[in-house]
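Two complexes are shown next, each including chain A; its partner changes from chain B in the first to chain C in the second.
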Partner chain A sequence: MKELKTNSSPFVNFNQKISFLFDGKKIFGFKGDTIASALLRNNINLVGRSFKYHRPRGIYTCGIEEPNALVQIISEYSEPNTRATIKKIYEGMEVESQNRWPSLDNDIGSINSLFSPLFSAGFYYKTFMGPHKSFWKKIYEPIIRRAAGLGKPPKEFKALSSHLHHNVDIVIVGAGLNGLLAAKSLINTNHDILLVDFDNHLGGIINNSAKILSIDNQSPKEWVKSTVEAIEKSKNIKILKNTLVTTYNYINHLIAVEDKHVGSRPSENKVNNILHKMRTNHVILCNGHIERFLSFQNNDLPGIMLASSFEKYICRYGTLPSKEPVIFSNNSNSNSLIYSIINQGYKPKAYIDSRSGENIEPELFDLIRKHDIPLYTNSQIKGVSGRKRIEKILIEDSTGGLSEIHSDFLCVSGGINPDVHLFTQSKGLLDWDEKDLTYKPSKPFQPTITLGSASGQFNLEKVSDEINEKLKIFKNKVLDTQIVLNTKESYQIEKLWEISPHKSSMWSKSFIDLQNDVTTKDIRQAISEGFDRIEHLKRYTTNSMGTDQGKISSINALGIVSDLLDKKVNEVGTTIYRPPYAPLSFAAIAGRNSYEFYDPERKSPIHQWHKDNGAIFEDVGQWKRPWYFPLNSSESMHDAVQRESKNVREFAGVLDGSTLGKIEIKGKDALSFMNLIYTNSFSKMKPGSARYALMLGEDGMVKDDGIISKISEEHFIATTTTGGAATVLGCMEEYAQTEWPNLNVYMNSITEQFATFNISGPKTREIMNKVFPEIDFSNDAFPFMTFQFHNYQGMQIRILRASFTGEMGYEIYIPSKNAAKIWDQLHSFGKDFGLIPYGTETMHLLRAEKGYIIIGQDTDGSITPIDLGLNWTIGKTKQDFLGKRSLTRTDTIRTDRKQLVGITPSNKEDHLTEGQHIILNQIIKTPTPMLGHITSSYQSPTLGHSFGLAVIKDGHSLIGTKAFASTPDQKTIPIEIVKPVFYDEENKRLVS
Partner chain B sequence: MREVIRSNEVEIKILPYQQIIIRGNGNSEFNNTLNKLFKLLPPTDNLRIVLNEEMVLSKLSFDQWNLIFIKDIKEEKLQIFIEKLNKISGILATNFSDAQIFFQIKGQNTYPTLNKLTHFDFREKSFKPLTAAQTLLARIDCTFIKFDDSILFSCNRSFGDYLEDRLIDAVNF
Partner chain C sequence: MLIIECPYCGRRDQSEFSNGGEAHVKRPDGSSEISDREWSEYVFVRSNTKGIFYERWVHSHGCRKWFNCVRDTSTDEILKTYRIDDTRPKLKDFKNLVDTPSGEPELGSGNFTVKK
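And then the complex of A and B:
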């Protein structure tokens, strides 16, 4: 192991050495190190390969803005594209570099650089243009797909992430100098406040640079400590550390993700991420600024780093990436870097500033002269060279003369931007500042306040004034914070976006977007090809479309474009930053709404019985319904359904129909209301009787069906389909409240109050006589489609004589908590009569044999009652009902509408399948006219063959004719179109 | 009553409360009927509750009141109440005792636990004691009633197992 570069930092524990693997090689760092700081500590600069050209890439920044150092964390389910600059190391961590083969040092993909003219701006779009359309499918697409992406997809894993909602008055984003001061001024006020910071050590720039000498006569670190303690003690402020605000939605809704396993391996039994969803009245953005880079020849080589990031590695992580870096700047922000390097006992190899001498701060001159640092003013870097890291730097001085410096490290600063991503996500507007050469927040769209460098106020000595002014609406404590700086600076910058190369070469490039490998040449090409609007140019070149959203480069791109178009930057405009601010995992987004909690489940009152008796369940909406009851593990679904169906037809079966919707309707106008809601007329119905009814939409199409039980002229109970229960109740409420408010009627859902058991089969009456001996179930006393209330063992139950199987049957409605008791009784007494439980699949088969429809299966929102042959459900003498007018539209009275028919295969050995098209021709020649399709099909044990229901054009007229059902392999099955009733057409069994 | 979980400074129980949903127009006949039967004058503002030692009456929409019996009441007596209410043509009273399940949550971590499952603002300044609210908890429609030291909430019984599991999960994670 090489000697580690260490220094003092209160944020890294130099007594706790940590080992981890990088590309299989054991590396040592310290507790508190990020992957990047640990690699730099070990003099490792090459950490990845670039997206398109596979160029060697190093560590460019020290934060979330990193475009280059993206790695795959093998020890965390192979999580790809992790920023090495923010990911903390832990013992045993396995890290791999990305986008290289066979190794990082020797990557075959680097030959792409030689073909770079092929990958210029818009190359992807140009592949669509030829030379022949087959090129895309056979050549371009496979190659592009194989080459796309940086990391590899992670392995499947069960993540432990949770969500937490917050409702507060103020959210302060960022706990740097401004965030801490803002929070301090609001301690023990009446506002509930969340202070959110991405770091585990609050303080921001105080920890990351040597800019500040003292705050209120305390050392910066002591001030942070005492301030954080005071905030933590307050009653109204909660601090969230390690939490990144990724999204600023409308109505002050923010989303942030908290990393709960910083510096440790993800736990398998503890939450690793928390997605915080914050709703607040005000947002104070103190999320600082981002330094930008500069475009020059080979500005992507490992060993080039942003100046403030270099300083952060010194101050925050106690590591010096290089003892003799060259510094290149066009602004005053990097002054403190020189101070920090000198503080470590070293000095820069050279300081190059594009500004002329008179524009450079006198204090900086003094510092440079005092330490005898070679100074180049009014100069710029023409380019750098090196194989896998920077080796030589070519400088053009004020006279135009060229000189070369050998150096392994270059710190670059192209100026600073307020971090406006969240502000623009909130729809706030930006203004271009010609003096500071950056966009700054201008008009907030929401109650958003920006402070400090996030607002474009770069003067650290004036932070108190700004806070006092902007936060006075909160009646905060007035601050008088005295901040003394190490380097006297008022931010100054000179315009410099790009430096043209001294000599061009195939390999050398000047990048504008490091993550997507976009060069300044690409920008020129895009403009020359007509993509001169910034939003078009962005998409054509993919500039700033990487996961970093061009955090360190997008303003430079605007600057270059404005120069090329000879426009001002604000005339060019700006692209929109979209959420999330930085990538967050799907696991965090899903939270606990995954796996067993993926979707809420509804269970019937006797769900446990079904489970205990081996039911296989199907999802119907959110309900878990027994699908079938296999006798044993070897009985297939087909066999079970055949057996259950036969049993019901021969003996008896009982279905748990508790999921059916049930609505109680009452009021003095209940009858009028029901006559308006349903197609049927209920006026002549006697109390105690029931009727099958249809509900239509205003378009005349069948919306739902059910059985209406009339208790009295003012009191009804309606059943609905399982899936339609909420819709039907909602529809009733809507019409009662908005269309017919004159009607005195109320309705309550009783779906869950009552379990429903549907018992049917020839032995049913005998079983019912046993279970309810006090009730007379004879035809005379209890005819078909009547119901009775009874008191059964102290509870009120309702029994309706109705059937959905075609056999004589009853529906028993019991208060849910007593449901199991009656279910057990039915089975106890029914055992001797061959009673079995049956599931929904058998129910479907039996009802289809009888020609009973299922809403949503045999109808699709385009079927009228007439199409179904259910004309008899329409009350002919009724003045009005929902959908009535639509039934006489020209379209609904067409004779060639799709109509419900029955289908049987001519060859009884053939099997029909749902969805098969009905056609007239035996030989399929595309396009073949389609008559319709099969909506339901089953193998009937009673009929001894397959059969189906279908909706086909002019179906009612075609009954008795022959046609064909097409199969997916372009074959046809001869069929006969028949009436949609296959069993007991005279209803003898039903009313027996 | 059944304890669901007691951990991490939260205690959750399932309570066997009975309930009647009452629909009506809130006119004087309606108010007098309820007052006579239950010795409670129905609240006139939405999401307000009135209570005595035996029951809580909340107004959940412009024409709906929920009557929760916090002391056990015999089924026969409940049915008599319902029948008496339904004798008035402008009232629909429905036994809802089996349709819903009631949870009670209390303890220092009540709000953070619930806020793992809902965005709802439980702070005193937004959700005052002796008021009600209807919102989603773990994506399930729930009705909340806030008391001084606890929150009572209910959902449709079919969701009961799912919600119970989610609550236990929220306490543990």
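And then the complex of A and C:
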């Protein structure tokens, strides 16, 4: 094994060696390393293949801005697109490179490079256009899907995440020099504060560079230590480490993700991610800056890295990626890198600066001369070349002369940008700074304060003045922090976006977006094709549309466009940075709302009995309801439903109706209230009787139905549909509070307090007599649509004589905890009379034979009671009820509205299917006018043929005529339109 | 994402509430004779205000009380919440406290940086 590159860093434990797998190969690093720093220690720089052209790519940065080094973490449910530059390693971690086949070294897709004209700007739009539709589907799509892309989506994941809410006064984002100082000045003030940083070591630039020599006469690291301790001791500031703020919403609402397993394998039984939802009065953004790159020929080759990232690897991770890199810069921010390399006992192979000599800091000159570093001023890199990493660098000097340097490492700096992503997410406005050549925050839209380089204030010596000024509103402690810098510099930059190549070649490219493989040529092409507005250009070229949102390159694109269009950058504008700042795992967003917690399951009190008796369940809203009860595994659903239906008609059956909504209404004005909510009039109803009732919307359309039991003028119980229970209760509460607050009425859901068993069939009375021998079930004592309260084994039960099947029947309401007892009694006594349990499908069949509607199946929000032929439910003499006035609107009194009818096939062996259209022509010639459609249809064992309910135009007057039902294969079935009652039209069985 | 002050429970997260559309829309008394037009205005027509808007909310995952609210629809800022039987606050009691972020700029949609 080769020796690992190390130097001192307090953030890496060089005594603890860690091994992990990269593409199956065992790699060693140290505790505290990221994947990237460990790979660099091992001199590995090729880490992936690019998105479109499959070009070899290396580690470009040392942070979250990384465009290239995205990897798949196999050992963490195959999490894709993980930034190797931030992911900390642990023993046994499995990492794979992405977008390569068969291997990173020999990638077949790199042949895409040769077809690059195919992948130029607007490629997707152009291929969508032709030459023929099938071309895209059959040829392009399969090829592109295989060739282009990032990581593979994971096949499974466990969402071991949770959500945490915070309500604070101030959130400080970023705990670098400015964040720590801001927090320090607010220690033990009257504000509740969260200090949030993405790193596990606070300090930011203090840890990442050699820029600062001392703070308040302490070494920078000692200062960080004592400051963090003071903050931790404070009463009012909480520090969140490893927490990335991804989103800045309206009304100072921030979303951040905390990684709870940094540097260790995710736990199987503990939370690995926390999604923090923060609400705050003020946000202080101290999230620093991002360095940008430069566009030149082959600026994507492995071995090229941002200058500040190179320095961060030295200072933060204790590894020197190269002993003698070449440095290319157009600004003063990279000066400290030269110090850092010299501190390690090495020196850059050459320093190339596009600025002329007089613009370069005299100190830098002295340093370069003292160490005899080859210096090129007023010079540029025309391009680099090499196979899988850079080998040669071509330099153009001030006179236009060309020279070549052999080097395998190049550090690039194109200037720095305030990290404005969060600020613009908050809708703050930016302004272009002509001197510093970057967009800076100008006008906040929310109570947002920016500090330090995040605000575009790049002078480290002035940070405490800025904090004193901007945090005055919090009555903070005035700071007088003395900062001594290693490099006396105030930020200075010269304009440079792109260097044109000396010679062009098929393979050579100048990239403007490394992640999405967009070249500067694509930008030119887009503009020449007319896409010269920045938002259009972005979408046409896909520039800055990758998961990194062009963090190191989007400003360069604006610069290039402004030059091409000969406009100021401020006139070109910028695209919007959207949340999230960096990708966050779906597991974190889902939190606990996954698997069995995603949507609660509601179960009837006797659910276990259904399970034990082989019920097949159907989901009705959140409820699990028995659908049918197959006799054995070979009985099909059709057979089971036919058998159950016949059995109910001939003997008896019992349905678990516990899921039906039940609402109790009480109060002095309960009667008036019920009269206003439902269409029916309850005034003349005797206490102890019940009535089928409809509830309308204000538009006059049927919204729900149910049976209303009148216990007294001041006490009602209403049932609702299973799915409509919450809506009906909500509607009652709304009208009681907002429209009729003068009514003294209260309502409450009692759905889960009572189980409901619906028993019906000709043998019902005999069974009921056995179960409840003390109750008189004769017609005189217990007529249809009445109910009685009884005491049964010490509990109060309510029995309602009603039926949804057309057979005589009762609904038994029992307190849930005792429900199983009665259910068992019904079966033990009912066995001899042929009682069976039946499910919802049989219930649907039986009620359809009887012509009873199901809300939401036979109605769809555009059907009035009149359309249903249920005029009798409307209390004609009532002055008002929900939707009353709508029933006389010109639209609702039209006679050609869709109305409920029954249909039977003219040939009894034909089968009708729900959803089939009803038409008048036997031969379908499109367009064929449609009368309506079949809403319910079943094969009836009682009738011996198929039948259905349908809503068709002018249906009531078409009863007795013939029509056709169309089938998907353009055939027609002759049908007869009939009254929507197929069974016991005279209700003889119902009241028997 | 809002913090809403329920007049009965206090400040709570928006996720506890449901919006109920425009407030102070009087339901015509069913007993009075009104035209189709008047009735349909009540049933179907609501204003779509940009700026200060009176609207109803219900604390559906809380006390289940309905209340009224004054919200600036262009900024989502909630200016006042009050009980259903409280008198309606006057428009002039409020002014836009923050500038609206809309107001389309000349170049590109939502291109705030170039907004003058």
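To be clear about the criterion, the second predicted complex is superposed on the first by the 713 of 992 C-alpha atoms of A that agree within 3 Å, B and C clash if a C-alpha of one lies under 4 Å from a C-alpha of the other, contacts with A are read in each partner's own complex, and residues count from 1 in each chain.
Everything below uses one rule, namely that a contact is a pair of C-beta atoms (placed from the backbone, for glycine too) under 8 Å apart; a residue touches a chain by one contact, two chains touch by 3 or more.
Predicted model, so just to flag it, every value in this text is computed and none were measured.
By the touch criterion stated above, A:825 is placed in contact with neither chain B nor chain C.
Using the contact criterion defined above for the overlaid structures, shared-chain residue A:271 touches chain B, although it does not reach chain C.
When the shared chain is aligned, chain B and chain C each come close enough to touch A:165. Legend: residue contacts after superposition of the two complexes on their common chain; A:967 is shown touching neither chain B nor chain C. By the touch criterion defined above, A:279 reaches both chain B and chain C. Once the two complexes are overlaid on the shared chain, A:344 sits clear of chain B and of chain C alike. Once the two complexes are laid over each other on the shared chain, residue contacts for A:698 go to chain C alone; chain B is not touched. Of the residues of chain A, those at positions 165, 279 touch chain B in one of the two structures and chain C in the other. In the complex of the two chains, the chain A residues touching chain C come out as 165, 249-251, 253, 279, 424, 427, 429-432, 439, 445-446, 533-536, 570-576, 698-699, 730, 733-734, 737-739, 741, 879-881, 884-886, 889-890. On the chain A side of its complex with chain B, the touching residues are 160, 162-167, 192, 270-271, 277, 279, 592-593, 596-597, 600-605, 607, 623, 664-668, 714-715, 744, 746-754, 794-796, 815-817. Of all residues in chain B, those touching chain A in their complex are 21, 23-24, 63, 75-76, 79, 86, 89-92, 94-100, 112, 115-116, 118-123, 126, 138-140, 156-163, 165-166, 169-170, 173. Those residues of chain C whose C-beta lies close enough to touch chain A in the complex are 1-3, 13, 20, 27-31, 34, 36, 39-40, 42-44, 56, 58, 60, 64-66, 75-77, 84-85, 98-99, 101, 105, 107-115.
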